[in-house]
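Both of the next two complexes hold chain A, though its partner changes from chain B to chain C.
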Partner chain A sequence: MAIDIPTRTDQLPTSATRFIGKAVNRIEDPALVSGTVEFIDNLSLPGMLHCAILRSPHPHARITGIDVSAALELPGVEAVLTGEDVERWCDPCFTAPEGWGNYCLAVGKVRFVGEPVVAVAATSRYIAEDALELIQVEYELLAPVANPDEAMAPGAPLVFESRGTNVIQSRTYTWGEVDRVFAEADRIVTRQFRWNRVGANPTETFGCICQWDLADNSLTCRGAYQTPRFMGIGRAASLRLPANKVKIISHAQGGGFGGKGGPRGTDIAALLSRKSDGRPVKYIEDRMEYLLAGGGQSWDRYYDASLALKADGTVTGFKVRLVDDQGAGAEGYGTISAAKPLAAFTGNYRIEAAFYDLTLVATNRAPTYPYRGYGPPPHNLVLESLMDVAARELTLDPAELRRRNYIRPEQFPYTVPSGNEYDSGNYAAVLDRVLELADYKGLREAQTKARAEGRLVGIGVVSTVEPGVFDWNAYATVGVPGVGVPEGVKVAVDVFGSVTVAVGFNLQGQGQFTIAAQVVADYLGVDMNTVKVTTASTDVALPHFGQGGSRLGVAVTGAILGACEKLRQTFCRVVAHVMQTEPEQIELLDGRLQMKGAPSHGMSIAEVAGLMLSRSDLLPLGVEPCPEATFVWVSPNRNQPDDQGRCRSYLTAAAATHVVQVEIDRDTGQVKILGYYIVDDCGTRLNPANVEGQLQGGVAQGVGAALYEEYVYDPQCQPLVSTFVDYLMPTIHEVPMTVKDHIVTPSPIAPLGAKGCGEGAIHTTPAALLCAINDALAPLGLECRETPASPRRLWQLLHDKA
Partner chain B sequence: MKPAPFEYHAPTSIADAVTLLARLEDEGCDAKILAGGQSLMPMLAMRVARPDALVDLRRVPGLDHIRLQDGHIAIGAMASKRAAELSELVRERQPLFHAATRLVGHQQIRNRGSVGGSFAHADPASEYPAVALVLDMEMVATGPDGERVIPAAEFFVTYMTTALEPGEILTEVRMPVLPAGTGWAIQEITRRSGDLALAGIALTLRIEAGRCTDARIAAFGIDATAVRLGEAEEALRGAAPNGESFARAGAIAAASLADPMSCIHASAEYRRHLVGTLLERALAEAAARAH
Partner chain C sequence: MSTRQTIRLTVNGKAYEREVEPRLTLADFIRHELHLGGTHVGCEHGICGACTILIDGSSARACLTLAVQADGASITTVEGLRKRETGQLHPIQQAFVDAHGLQCGFCTPGFIMTTLELLGENPNPTDDEIKEALGGNLCRCTGYQSILDSVRLAASRINTASAA
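And then the complex of A and B:
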């Protein structure tokens, strides 16, 4: 039976929505703020051991000997795991492209500082860390490759000898008549950019408790898992277990942002459990481990890019060469983030041709992982910076240049040269609103005045598209198979009419439990406080993915609508049978199943569920006594990519324009954000407070990437950042509270018209800040083309000029 | 990030604490005093500090006073920075120390961190040692032979090293009240609010009859200890308090620095430049307060 998923809120079986579209209180927050949520580090199991990991101090070295005898003699130490065990019991993690994965502990050699070498399970974390000091590892140092230039030089040392090269992938994409548009261009602007390594830093690092059942030869892993099912499949593969022998229990997480995905901690704790007679083993990654070599390093990029324009400012072509330092292999799926820009390569603009020359390189830096936005934030910084350079050269206002090139509202659905189809948008309306909100004219007047006083004041006006609801097909070109990312739920009504929604994911902060409750409550016409959202472990959960790629709010909405529609159909059959009429004569409206045209004849949801569960004699033939339904939602109408990576990948295209005003202190290089304005359009706002929270959080991370954060390595590839003293996460003092408004252009194809918006402002903020900084520097003829635009860097620019 | 094993002691009087330290020293035991723990605890967790024993002062009474005594302000070593920040006495009578306190970390850190701890820890990028040099503060150390008073100029020896002997406990810091009409300022450059300074300047300035008569200036965050900037002080003596002389003092100060520190956030050259800029700005700020 075909299930139609409503794309508009007026298609819901309710006279007026009571919860969707309103900033209702989040149902997950009371437990979070009162500390009753069970984060993994708060859980202890009987007989549990604690894991500590000895990590490599060298970026590249052969392991010539390991002596763990003294550690094993320390009272309280129950098991020690080395590369020898690992090589016997498991395989390297799988990667995309294949064959660039490491074992969970170094086997034979180490490839980056912080790589796990030996792991200990002991009765306390203190003893486990004491034991690490008793372990002797002998290394034979190898020359490291510290950056892509070194890695690609002839005769360079190899990070993975068996590969015969350090180049993970190198290919070009050509979309449209690139050579022609550049040949016919009236103006070409070209710049190089360096985006230094930054990444996710959730409040809670990764943690897990793994228990190997030696009788059943099965594994149960509890922990801070962002994508439990994916993690389960990966563990089955690397630990050589049938997939149904690995159970993942996802606990609530103190944030994720992409940094929770690493498999090593789970594999190590699992094997330590196996080696200590099946006792549960807890591993809590500490912040130094996380910063050194956890899942928090991303986007280490060298760009060379050009924009082709006509004299009137029409942008006709965009070329990008990207060399991306992936670090020591592809275990963290950093490769994917270089492919994601294909989903919105040319941003908000009508650009007829584009070219992408992409080289992914392995070095002896830590492996890279996903980070919120998963690739486009640096790409957007390049495109938007070039737009500003072009505007300056053409003496056009940067806002005006953008407006002239926007995809127009009537052109949607719009297929970008790189293949994805944008569902809808109204970019000019977003721009108009934000310019009004910011009093853009007033800002420019203030800037003119400040410049006359010798002050360096700049304004950034930056537009971006946020691809929402990711699909595997976007990443086919880097070796990820498949089309369609499932998200499954079960909606169950009990005998008293309360509703339980079982999902496959757990809390991470974005508020999807609340979204789920809002949707189910409006569909079934019940109060939100009768809805319970719960997480199913992977052994019983439906196919699902969870958070990632700005998808879950939309995906879980689709899944719930599907399950509710199935329930509605069943309820109509039951009620029709009882009322001796046809199901077509029964409708669901505001929580009642009633006769069309005679609404006083009907039953409440609770009455129908109660009847189904307690009066099987009244059920029609073929209806089970089960007021429950499952539905696995997948983005509609996705397809396989062609040889240039072109496909309908991300379902929705949200958009935003930011206006930011900054001032640079000439003498110290410090940047002060004077004003920050955002207008976004993510279609239907299922919960406006959630959207605002996601935007503000994205601004914080964008401020960090643009001005503060950087994983610094020295020329020998030693990391120089291992604590928050040096990895400069911005605090509430550094992040402006932004002035926000929005436009609503509902998606015509997504559930309830909502577009993915979870990544939010991180797509836009780094570009907006750098553009504002360069606008401030423009009168001096200077440009900063490296992130973060730290005081040291800006002062050096200003100082060298002076 | 768990500390290496250590003995834990929590004496309940200063006499007991001193006796305990002497015993531990006799036993060859490396003891460390724990006050607010805002620097020591992370260092223990990272196993950067690995003392054999910790002597926790939190149960020792009588170390948290903030009072006017004999014409100066005395602050007990265990008084929290937050208490100093909230003290009317400190705010009104020694505004430079008050302003410096507000620059230390964030409020949560100032709630736990002790005033004495920052002096004993002697981080060269922290504000207090520089203020101590400017104000000629005195440190009171209590040891087996009783109390001794150490002038600030002798207290800070080098990087995180003070003149305190192993058996001594810093029990009080003393500072003069700021004479009426004295200008003062503290300015620093940090990467984020509450961070340790990349460079900072603390100073007092006396102006009489339109001339600078006395400037006391210290820089922090640039060398192994806070440093007095004597050449700049000298250059200001007798100078008119204006932008020109302040800029000249800044340039002289920058040029006078021997070998500024360098780190990933600030090169030596950048630090040198910051000292000049900060001094120029701090002098202007102080001059506006002087009368």
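And then the complex of A and C:
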């Protein structure tokens, strides 16, 4: 049976969509506002113990002795776990590239401040923490490797001795005739940029409850798991269990953004359960642990980049040299962040040739993890900043320079030099609309006036492409195998006609349960509020990935459409049999299976399901009594990369242009956002309120990254940030209330024409803000090329000049 | 450990008497002793506001308060807002649903409790007053715009209802 996934909403079996495309209320919200959702720390199991972790105070040291005897004597302590146990029972975690992983607890030496060294399970968290104070660890200090320069210096101390180097990976990519376009350029602009570490910081930290079944030698993990099956496979590998003996039960998560972490905490809790005779062990990471060594540090980058241009402003080439400080190994898949820009290396522009020189380096900073966007936010900041530098040098308006270089609507599908294929777009239309929305001319006039008064007012106009619906092939270049990321669902109709959708992931905030309900309700003609969406644990779930790479809204839509289509085909056979006609004569419309041309002859979905389950005598031969269907969706038409990493990777290409107006206070260096305007195009908007929420949330994180947030380390590699007092999360005062509009260029290939839209704003906002800041500084001949452009940094820039 | 102390307090209208360790935080007490899990914990150092509750009508951080300090107090948590048995949402909760004022919802109980205090004192706040009140609550998901909308919506509905 061929299953066609509709790419347009008018292909759905409904006379008019009732839910898709509408800003319907989310089905997940009544429980969330009531405070009754079972986040992992709300759950207790009988006999449960609590874990606390003693962490390294040193960035690099050999462990010469551990004495846990006093801790073991503390009443309430049930088990203590050290590197010895871990070495006996575990393998270092899997990484890409291979061989750069740590054990879940330090074995032999510590490689970063905050690395787990000893873990305790006790009858309460309070007692477990008391026990940590009774543990003695002796260290022999080693010279830390504080940054990539130190790491790559000859004779540098090694973070992983067995590797013989601190360079995790180093290679170049050449796409097109780079040397020629640079040689023939009328103008080349070159700049260095420094993007300091930021990270996800979901409001809920990671947490889990693990239980090791000693009889069955199996493991059950409940927790704040973003990608359950992936997590299960990883645990099976690190804990030396068959994958079918690891069951992951994903709970609702208080945000994720890629940076939830969890593998170490899970392994530690699992081993403590094993050591305490199979009692369940809960580990709830606290915020200080998260900030020091959780999944929340990303993108620690040093850039050197150039653009080649013709005199008329045509951009012909783009070269990027990136040195990326991965921290102590690749356990968090931070390496992928450096590979992802290949999916949209040259942004919105017809740049014919590009070059990427990528070096991933290990240091004694904490290992880096994914963060929303997974790499393009700094990359786009570099590209867009160079566009502005070029515009200034050519005395062109930055919006005009961009417009001249946009990929044109008739050029789609468009293959970028780095290999990915953009599905559709209309970048000039996005730009026109946002310039109108912002009254760009008016903003420029106001800027001229402000400058005359000596005020530092600047405007940023930044365009980006958001690769949506990730595929593993995008990351092959850092050692990730595979093509295709399956996402499976089951759609079941019960004997009374109620519909249940089982998915492999749980709530995280993006509203995918609601999307699932909208799609299934419109397809099957039921009310979305009667649809139950539920999470299957990994032992029974279909292949799935879950949230990540701006894919789940699209992927789950595709999976549900596929399952519904299979149901429709079965239902048509059943109804045709009952009506003594051919299945081709039956159609599904608005929840009824009816005779084509004679719609009064038919049955409701509920009637068909009821019949299938209770009247086997009426079923046609070969039809099972099962009004349920599964479907595992995967992006169509993906391929293996070539030796330069080129492939069709991300399925969709959404686009946006942001216009922001800022003013810098000369006396404090503080940036004030005076106005913020967004026009985006992510194809069909399945739930416009969800899309706007994703945009605005991404803006907030972009504001944090561009202006405030930073994981600061001192020259000895000691982290100086361990609380929200030091790590400055934007509040309602810092985040602009943005003015938004959109245009719709549907994807011709994605389910219902919808494009991934979870990351576009964080791809764009940091660049827009830095461009605006540098526009404000331009009359002084100053440029800020380091993020965050914090008050201190800008004040220094202004002050040093004076 | 340290000697336990007896505390008596009212939570969401229900009286409790419990023996607790003096070092037990009020957040842990509410969450793990009374099993009211809606008061979330995001930082345990007073910055994120996820643990915001009302103590004798005033907003407080449950993570920075000890349970023994709440002896004799009357506490409201997010669980105290919706109607019992019918589950009908409080107008503030409903406004957050209708204006899409949440994504993951982990910060939401804190925002709702802060809003409850705000609208109790100032039923018709300006945007600046709303921002001032919510300035101590972090939300990593929404970017605050829909939260601002939610509070405006709640205020207007409550005002319309009380005018009627």
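Everything that follows uses one rule, which is that the second predicted complex is superposed on the first by the 800 of 802 C-alpha atoms of A that agree within 3 Å, B and C clash if a C-alpha of one lies under 4 Å from a C-alpha of the other, contacts with A are read in each partner's own complex, and residues count from 1 in each chain.
We adopt the following convention: a contact is a pair of C-beta atoms (placed from the backbone, for glycine too) under 8 Å apart; a residue touches a chain by one contact, two chains touch by 3 or more.
Just so it is clear, the model here is predicted, and its values are computed rather than measured.
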Is A:F94 in contact with chain B, with chain C, with both, or with neither (first, second, both, neither)?
-> neither
Which of chain B and chain C A:R287 touches, first, second, both or neither = both
Is A:H733 contacted by the first partner chain B, the second partner chain C, both or neither?
-> both
Now for A:Y414: first (chain B), second (chain C), both, or neither, which partner does it touch?
-> neither
Between chain B and chain C, more extensive residue contact with chain A | C
Could you look at A:Y126 and tell me whether it touches chain B, chain C, both or neither (first, second, both, neither)?
-> both
Which holds for A:G35: it touches chain B only (first), chain C only (second), both, or neither?
-> second
Determine, under the contact definition given at the top, whether A:Q796 touches first (chain B), second (chain C), both, or neither.
-> first
Chain A residues touched by both chain B and chain C?
-> 126, 130, 286-288, 723, 725, 731, 733
Mind listing the chain A positions that touch chain C in their complex?
-> 23, 25-26, 28-30, 32-39, 41-42, 44, 126-127, 130, 200-205, 252-257, 286-288, 507-511, 689-690, 692-693, 695-701, 723-725, 729, 731-733, 735, 737-738
Partner chain A, residues of chain B touching it in the complex | 1-5, 42, 46-47, 106, 189, 191-196, 198, 264-267, 269-270, 273-274, 277
Which positions of chain A touch chain B when the two form their complex?
-> 125-126, 129-130, 133, 286-288, 667-670, 708, 712, 720-721, 723, 725-726, 728, 730-731, 733-734, 790-792, 795-796, 799
So in the complex, which bits of chain C are touching chain A?
-> 1, 21, 23-24, 31-32, 36-45, 47-48, 50, 77-79, 81-82, 87, 89, 93-94, 96-98, 100, 102-109, 112, 131, 134-148
